[in-house]
Every structure is written in C-alpha cells, then in structure tokens.
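Below are structures written as structure tokens.
Shared chain: subunit A. Partners: subunit B in the first complex, subunit C in the second.
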Partner chain A sequence: MTARSAARSFGAELLPILPGGLWLLVFAVVPFFFLIVMSLWTATVFGIEPEWTLESYRTVFADPVYVLIVLKTLRISLVSTVISLLVSYPLAMFLARMQGRAKAMFLFALFLPFWSSYLVRSFTWLPILGRNGLINHALISAGVMSAPIDALLFDEFAVYVGLVYVYTLFMTLPIYLSLDRLDPALGEAASDLGGRPVQVFRRVTLPLSLPGVWSGCTMVFLLSVGAYVTPSLLGGTSGIMVGNVIAGQFLESNNWPLGAALSVLVIGMVIVSVTLAGMRVGLRQLFLGQGR
Partner chain B sequence: MTRHLLGRRDMMLLGAGLPLLGANAASAQSPTSLTVMIPNIAVNGKLREIAEAQARVKIVDDPFVSTPDTVSKVLAPGGTSRYDLIMAQSGYSRVPMLGPKAGAEKAAPLDLSKIPNAANVADLFKPDIVSRDGVTYGLPYFIGYDSVVYNADVISDKDPYTQSWGMIFDDKYAGKIAWFDTAVQMLTAAALYLGKTAPETMTPDEVADVGKFLISKKKNVRTIWTTFSQAASLLSSGEVLCAYGSIPVRMELQQQGKNFTNAWPKEGVLSFVSDLYIPKDSTHLDAAHALFNTLIGPPYVDQLATVSGYLPANKLAGAGLSEEQKLRAGFGIYTGQTKATPLKLPTALNVWIETWSKVKSA
Partner chain C sequence: MRASGKLLWAYAACFYSLLYLPILVLIVLSFNDAPAIGFPIQGLTTRWYADALAGGQVMQALGNSLSIGIASAALGTLLALATALGLRRSPRWRGVMLPLLLVPIITPGIVSGVLMLVFAGMIGLPYGLWTTAFPAHVTWVLPFAFLTLHPRIEQLDRALEEAAMDLGARPRQVLSHVVLPVLQPALIATVLFSFTVSFDEFVRTLFVIGGARTMPVQLWISLQQHAGPFIPAMGVVIMLISMLVAALGFFISHHASARSLQPQS
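Up next, the complex of A and B:
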C-alpha cells in the first residue's frame, strides 16, 4: 500500500467521527479549556483581569467548606440516583408489561409533566410541601398532626423530592427500553423450571435490564451534580449544593475565577466518581448501556 | 403594440420594494426597544406607561436582583453592550462603574443637554452624582432603604424585636426567618447588629467574625431568598414571618392587601441612593438619554413614591406626600429622623464575598 492510499484510507476512517469529534471539541473541550484558563485569572472590584494566579484554587483548598460542599453535592446526587432507581424500576416494569393503547396512554402520562419547564416542575412542590401546603394541611385536617411539619420544605428532604421528580424520566426510559426488549419467554422458562417470582426477577430480569439501569443511574447522577434551580427553590439553608455556590460566584459575587475553579473541582470529582464506577461495571455499560 | 410607462420587470421590482418601504416607514414610527435593569416596581403599570409614552421607547425588562448583581452583570465580558439603562446604588457602584482610571469607565458619559431634568437633582443628593474630570456618568434616581419586613398580623409593633436587626438573627423567630442572598447587605446588617459602626471598613478578621456569627445563626433561618417576588411569596404564604426585606418586597405585599410592614432597627436601616447609568456600549444612546431624562422628571417622579415606595432623589421629591408617606419612603434618613447606615462598597469586597459563600455552604 502506498503512502498516498494509506493516508486516503486513514482519512476515510476519520470522516465518520468528524461531526461527533467537532461537536465534542466545540461544546466540551474548548469550554472546559476556557474554564481552566478563567480559573487562573484574577478577580478584582473592576471585573476579571487576565493576570495569572492560583489564588482561586488557594481559596478553594484553604477552607474545607468548598470541598465539603462538593462532597455533600456528590452525596445528595448519589442518594437521589438511588431513590430515582427505586421509584423508576417498578414504574418501568409496569410500563413494559402494558400493551396497546393503555401502554401508549401511560407513556404519554409519563412524558406529560416534562412538557413544562424545569422551573415550573420544581416550583410545583412549594405549595405541596410548604408549611401551609397540601400535605401539612391534609395531616392537620386528618388530626394526624397538631402543627405543620417544617422539615418537608427548605431542607435536604425537599431537594431529594425535587430532584427525583424532575429526573425520573431519565431513569425510567432507559430501564423501560431494556425491559421492553426482554423476551417474555425467558421469564416463563425460568418459572417453568421452578423459579419463584423473586428468583426470576433476581436471576433473569434484573441482570438483563442492568444496561438500562446503569444508563439511567449515570444520567440522573450527572444531572443531579449540576442541579441549581431545585436546591435553590426547595433546599433552604441546608439543601444548598455546589451549583448554587458556583452560580453565586458568576452572578452576584462577580468572582468568575473562583466560580471557574469550583467548576473545575466538581468536574474533576465527577470524572473520578464515574471512572471508579466505570472500573466496577465497565464504561461501555455505564454510558452506552451495553454489555461489558 | 402599446408601450407601457413601466414594464413588467419594473412593476415586479416595485412590488418587491413596496413592502420594504413600508417596513422602513413602520420602523421609523415604532419606539426604540431599550433593555433596562431597574426594579420592576419602578417601571411597572402606570409608571411604565408614563415612561414609555414620554420617552417614546419600549422598555424591555432584564430582571433586577440587587446592586451587586447588576454591577456584576455589567462588568462581565460583553456586559456593557447588553443593557441600555441600569440602576445601581451609588455607594456601591461608583468605583466599579468608573473603573480604575480615566477611559476605563463602564458607563457612557452623559450628554446633560439631553437630560434637562438633571437640574432637578436635590443638593442633598449631589454627592451621589458619579463623575470624573467634569464628565458625568451617573445621576441620582431615587432613595431607598433595606430593613426587616415582617407580618404585622402576627408580630406586634410593640415587640422590641421590631426595633432591631435581631429579628432576623436571634432565636425568637427561629425557623420563621428568611435572609437575602447577597454578601454586602447581609454582612452589613449583621455587622450593625454586632455593634460595628462602619461595616464597609471592617478588616478581614472582623469580616470573618461576622461570618461566624451568621453561621451560628443559620439554624434559625428557613431559607435564603434571591428575588423580591420570592421574598414576598415566602412572607405572603406564611412560610416565614420576617425577612431581610427591601421596599419592593413590602410594597408588593401591601399592594396585595396584606398587613406587612418594615422594622426600624435601632442599629439603623441600610440606606442608599440609587443612580441611573447608561452602560458605555449601549447602541441606543439617544433613546437611553430620553428615558433617563423621563425617569428623573415630572410627571414620572410625581407618581414614583406612591406607586413604588421609592422617593425620587430630586427637588421634586415629596411633593404632594404626607409626612407619614415621606417617612415611610425613607426621607427621614436625610432629615435625621431615621437612623441609617449608607450601603457602601466594602474595602475588602472579595473577603466579604468569600465569607458569604462560606456562610451559605456551612
């Protein structure tokens, strides 16, 4: 093979990945590069000066409060992911077992709340969880409580409720798609061979739906780490996540370098978390929902 | 064969050109759209009608959150071209808007020949004119103050806490308090409560002490609000009884017919004179000047205090208002009847911001 034909062959192989590669370059690599550059600039009362300094990183690591809020964010995201999974799996199983028009209606109902904005979906919980909200009103009216429960809103609990609600679809859909593709004969064969329903689920259904589970978990976890609106609206003083601290630096505080340094830290910690999970279950499974 | 004066091609060209001509004529008549960052209560309803009609502009709102937020947005890359008119407290905004040296201003130099109402600025507020080397960049718009807004149906005005910032720090109303998500205001209020007389000059150690105090009181706080309407909603729904509050919050609640009022802390309310600026890269300078002039002159200023609660910072302020209305609008701050501390840009702003971030994250 001549050098010319080898180059042509190499070019032909590269061509299909060019659009994806360009997309990644423009929307992921370049912004991340700018983020790193900005984190090394200086914030002054007159705005940002392109003078190199490690001051923002010194600020982030000098006080444990920033690292702690990142760790807290990872914890909240992890718990939200687990709760989403527990809620979404039965829902996905239910949808997978439905047939015909009923299935279409339930899928439509699942999508319906997502036609409204993220903000509205988060805001919805205020009149439900509030001190004078629906739940407290019902509990007091029923005589279960004599005073409203304050912990329902403006607390970590409310953040979990909000995050699970707004990201349910991202967990339910991949699991549903995994379950929907399963051949029902597999479950029937396992039952015929004496497997009890729990055993059939644990040894046949669950392992075969794991690609969807991992996909859903990855999406919900990553979306939760970057959450800003939900903790801001529902979290109060104890449900603040790192997204709120970062937004504050870019908006009111005008300290873009510190905001950028915190963003780099979060991205770094997410990469470490996902890599560790990937080592356990396989990156292909984690991101593509495929077997190892 | 008859030869027409205009051929078929000419007619087609004419046909294509007429709509363009019409569009040009329409755009010549339609008002210029100006992106404005001013508290909504000051450019809403009747006030908006007056401003748009007199200045012949269409106001496009960019939500006003706070002065630090506004200044931050203007200082951000590209920020000076995003807005046509902004409002910011002079004590906080003077230094960043003027920039470190001549030529680095973030505001456009004002053509005072296009703002004849500039002559109305009261002597009392002339120190709040923002200028450099004889060029004016900002003019006083209105005066105001921040305090504690509380539910007067539940909290009696005889409660001594209505006379102190302690209402939003101490245990008395624990769990029924909301703070404002902004470093300068919250740290200044806390510093005043702790007995500091000139909070803006605090050393980093003193700022850290105020931060520790706020962290120790965070357990009493239900949530931290970010927008005026969010604060009004929290108070109105009964989620909180008292909150760090400003005039738009109180006015919104009172306009809903709710019994809310503001405290007069013995440590002093946080007072400010808000200036108007035209960001330096505004592409609608003439229209922005026209709106600027409208907002500091009659008939707009005649309505400002009653509709928005803010008192115009000019000679016409208070015309037609009762003493009670003037006091309520903050005029007592300048006559000595109301104890107040002016909000100023802290000398160690970054330390303040870092401290507030720690308070929120703790």
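Up next, the complex of A and C:
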C-alpha cells in the first residue's frame, strides 16, 4: 500500500466518526479546561478578575461549611445507592424469572415512568409528603393522628425518597440484565446438589450478578452526587447537597471561581468512583452491559 | 422455589404500586377543584389544564421544547448513526470514541450545566435557546442515541452488504439501498427516544438558556414562584408528551426486533 492510498483509507475510516467525535470534543471535553481555568481565577466584589489564585480551592478544602456539605453529599449518595440496591435487586430477580409477553409488559411498565421528566417525578412527592399531602391526609382520616406532621418533607428523609424514586431504574436495569443472562440450569444444578435456596442465592446467583450490581451502584451514586433538582425541591435547608451550593454560586452569589472549584471537586469524585468500579468490572460492563 | 416465587410476586406488586402512586397522585391532583395543591379532593375540574396552558409564555415554552427536541433528536441521531457505522467498519477507533461518548453520561447534570455556562461565558457565546441550550441538548442526546443504535448496527448481517456489493452496488448505494432501509425502524425509535431525552432535560438547560424557556424550565419557575394550583396539570402535560413519544419508540423497536428474530424460511 502506498503512503497516499494509506492516507486515503485512513481518511475514509475517520470521516464518519469525525463529526460526532469533534462535537463531543468541543462541547463535552474542551469546556473542562475552561472550567479549570475559571476555578483558578480571582473572585472580587466587583466581579471576576483573570488573576491566578488557589483561593477557591483553599475555601473548598478548608472552610468547614464546604467540607461538611461535600461529606454530607457523599453520605446521602452512598445511602441512596444502598437503598436503591436493596429495593431494586428483588425486582430484578422477579423480572429475570418472567418470560415472554408478561416479561415485556413488566419491563415496559418499569420503563414508562422513567421516560418522563425527573423534575415532574421529584415534584410529585411534595403533595404526597407535605403538610396537606396524601400521607398526612390518609393518616388523619384513618384516625391514626389528629394533626398533620411536617417531619416527612424538607429534610434528608425526603431527599432519600426522591433520589431512590427518581434513579432506581438505573439500578434495576443492569442487575436485571446480568441476572437475565444467567443460565437457569446453574441454579437448578446447585439445588440438585443439595443447596438450599439461600445458599444457591449466596454462592451462585449473587456472585454472578455482581457486574450488574456494580454498574447499577456506580450509576445511582454518580446521579446522586450531582443531584440538584431533588434536594432543592424536597430537601429544605437540612437536605441541601453540593449541587445546590454550586448552583448558588452561579445563580445567586456570582462567585463563579468558587462554583467552578466545587464542580471540579464533584468531577474528581465521579472519576474516582468510576475508576474504582471500572477496575472491578471493566468500563464496557459498567456502561454498556457487556463483558470485558 | 414456589414460596420464593410468591414472595417475589408480592414484592413486585408493592414495587409497581409505589412506582405508579406518585403519577396517580399527580393526575388526581391535576383535576382537584381546590385552591391549593393537596388533599382532600374537593371536586373535579378541568380548569387547571386551561390555566396551565393559558398565556403566551407557556405556549412559547412548549414551542421551544418541541422545536429544540426535534432538532436535537435529528442531529443527535445523525451523528450517532455516522459514528456507529464508522466504528463498525473500523473498530480500532472504539478505544477513542467509546470513552468520548461516555463523557456526557458520567458528567453530573449540574456540572454539565456549569460547564456550558462557563464555556459560553468565556468564549463570548450569547446565552439562548439555539446558541447554548441546543448544543447542550445535542451533546446530551448523542450518547443515548448511540447506545440505542449501536447494538442494532452491530447485529446487522454483513452478508447483506456483501451480497449487494457482489451484485455491483457501490458503497453509497449499499448504504442507501441496503443498510438504511434495514435500520429504518431502529432509526425511527432512536429519534423518538432522543426527542424525549431532550424534551425532559432540565438542569443542563436551566443554566444556559438565558431568558428563554423550555417546558421543564417553565415548570421550575412556576414551582419557585408557587404560581398556583395549575402546577400538577402542567406536570401531567409534560409527562404525557414524553411518555407517549417514548412508548411509541418502544413499540416500534420492539416490533422490529420481534420481526427480525423470526426464522426466515
């Protein structure tokens, strides 16, 4: 092959993937450099000055207000991930056992709510958990209580309810896919050899579904770490997460460098969690549900 | 085995009830003839729907959402199609393209919003529906369109293309007469899914849309202003549009895959 025809075939290979690749490079990758630059600029009362400083990072890592909010975000995200896992695993098992038309219907019914805006799905918990919401109304009508309680809304509890409700599909789906791939004969063989159902689950089903568990946990953790809508609608002042603080820097206090530094920190947490999970199951499994 | 199967059925019944309870509550409240959002139900009315859609602002937001949804679904699907076809022919670029495609998915929504806000601010791009929100939507839609199309394109039988080439078709003809017709249902489904991804998008849009509004942004502003009892009705409208479009996409792709799996005799 001559150099010229090699170059031509190289160009022909590159041509179809170039538009998508360039688009992502310009709008998804390059902005990170701008974000990092912004996080290193100086915020003054008069606005943003293009002078290099580490002040914003010093604030993020030394000011207890920001340290605590980051730790709290990590805690809320971890707890939401664990709750999602516990809620989703049995359903994934149920779906994996279904067959034919019934399976397709249950899968469709699982997907349907997730095809609508998470803003709407977060908001609906206000008239369920609120003062004149469904739960208070039901408990009072049933005579369980005489006055409505406020404890259900505008705290961490409401944030957990919202996050788990909004993001559970991202846990159920990968676990279901990994369980669905399992050969039912494996479980049967294990029980034929005398394994009790609990043993079969612990020694056979669970270990083989771990790749799905890891990708589900990673997705829900990522989505929770960056949550903004759910904590602002349901969390009140005690349920605030780092997303709310970042938004505040841009929409209210106009301290872009500090908001950028907090965003860089969130990206750092995302990279660490994706790397840790990726080392266990491989990136392709994590996001595409395929083997290594 | 029996007992555990029954337990799973009972669990699934609870799960699906809780999954649909909030949606049911929203629909019921959208018809509740009461001055404040909440219980008890005081009567039925459809006036909140009239209120929710009244005023030029909401109709404009709806128009914005529909047009940015259609445009970003079209461009996102086109870019995803080219990428997936390109990677099928030259798999050695996968190592570069797959991580690139994952970047928008693993970037948290709030960070994506901030990224575009800072980027546009620093290069001097004015904030608006088409200048900043549209690129943000295409970037968000593209990976989902790719993940929907990619498995279908990988399953494509190479023998079909080889047969067409043996019969003297040039590459361009193979694409337009063989590959695209076979992919047509998958492409339609991808466009429909992509539309809902864009139509439902909120946080990436909020930060960069400037003075313009999409339906979710309009709903958000109404929520912040405690604008009134029409809010559930507005939520139902947003939910119905995306659910209907996505359900249509689901049936088209399900139907197509059921057909392609039938034995050909």
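Note that the second predicted complex is superposed on the first by the 233 of 292 C-alpha atoms of A that agree within 3 Å, B and C clash if a C-alpha of one lies under 4 Å from a C-alpha of the other, contacts with A are read in each partner's own complex, and residues count from 1 in each chain.
Quick note on the criterion: a contact is a pair of C-beta atoms (placed from the backbone, for glycine too) under 8 Å apart; a residue touches a chain by one contact, two chains touch by 3 or more.
Just so it is clear, the structure is predicted and the values come from calculations on it, not from any experiment.
Contacts of A:Ile69 after superposition: subunit B is touched, whereas subunit C is not reached. Contacts of A:Ser253 after superposition on the shared chain: subunit B is touched, whereas subunit C is not.
Using the contact criterion defined above for the overlaid structures, shared-chain residue A:Ser5 touches neither subunit B nor subunit C, since it reaches no partner.
In the superposed pair of complexes, A:Gly130 makes contact with subunit B and with subunit C alike. In the superposition on chain A, contact of A:Leu119 is made with subunit C only, not with subunit B.
Within the superposed three-chain model, A:Ser146 lies out of touch with both subunit B and subunit C [touch as defined at top]. Once the two structures are overlaid, the count of subunit A residues touched is higher for C than for its counterpart among subunit B and subunit C. Within the superposed three-chain model, A:Gln99 lies out of touch with both subunit B and subunit C [touch as defined at top].
Once both structures are placed on chain A, subunit A residues 126-127, 130-132, 251, 256 are touched by subunit B and, in the other complex, by subunit C. If you check the complex, the residues on subunit C that touch subunit A are 1, 4-5, 8-9, 11-12, 15-16, 18-23, 25-26, 29, 36-40, 79-80, 82-83, 85-87, 89-90, 93, 96-111, 114-119, 121-123, 135-136, 138-139, 142, 146-147, 196, 199-200, 202-203, 207, 216, 219-220, 223, 231-232, 235, 238-239, 242-243, 246-247, 250, 254.
Across the interface of their complex, subunit C is touched by residues 13-17, 19-21, 23-25, 27-32, 34-35, 37-38, 87, 90-91, 93-94, 97, 104, 106, 108-113, 115-121, 123-128, 130-134, 136-137, 141, 165, 191, 197, 222-223, 225-229, 233, 243, 246-247, 250-251, 256, 259-260, 263, 266-267, 270, 274, 283-284, 287-288 of subunit A.
Listed in rising order, the residues of subunit A touching subunit B in the complex are 43, 45-48, 59, 63, 65-66, 68-69, 126-127, 130-132, 150, 153-154, 232, 235-237, 240, 244-245, 248-249, 251-256, 258. Within the complex formed with subunit A, the residues of subunit B that make contact are 65-66, 68-69, 71-73, 75-77, 95-96, 99-100, 104, 175, 181-183, 218, 221-224, 226, 233, 237-239, 345, 349-350, 353-354, 356-358, 360-362.
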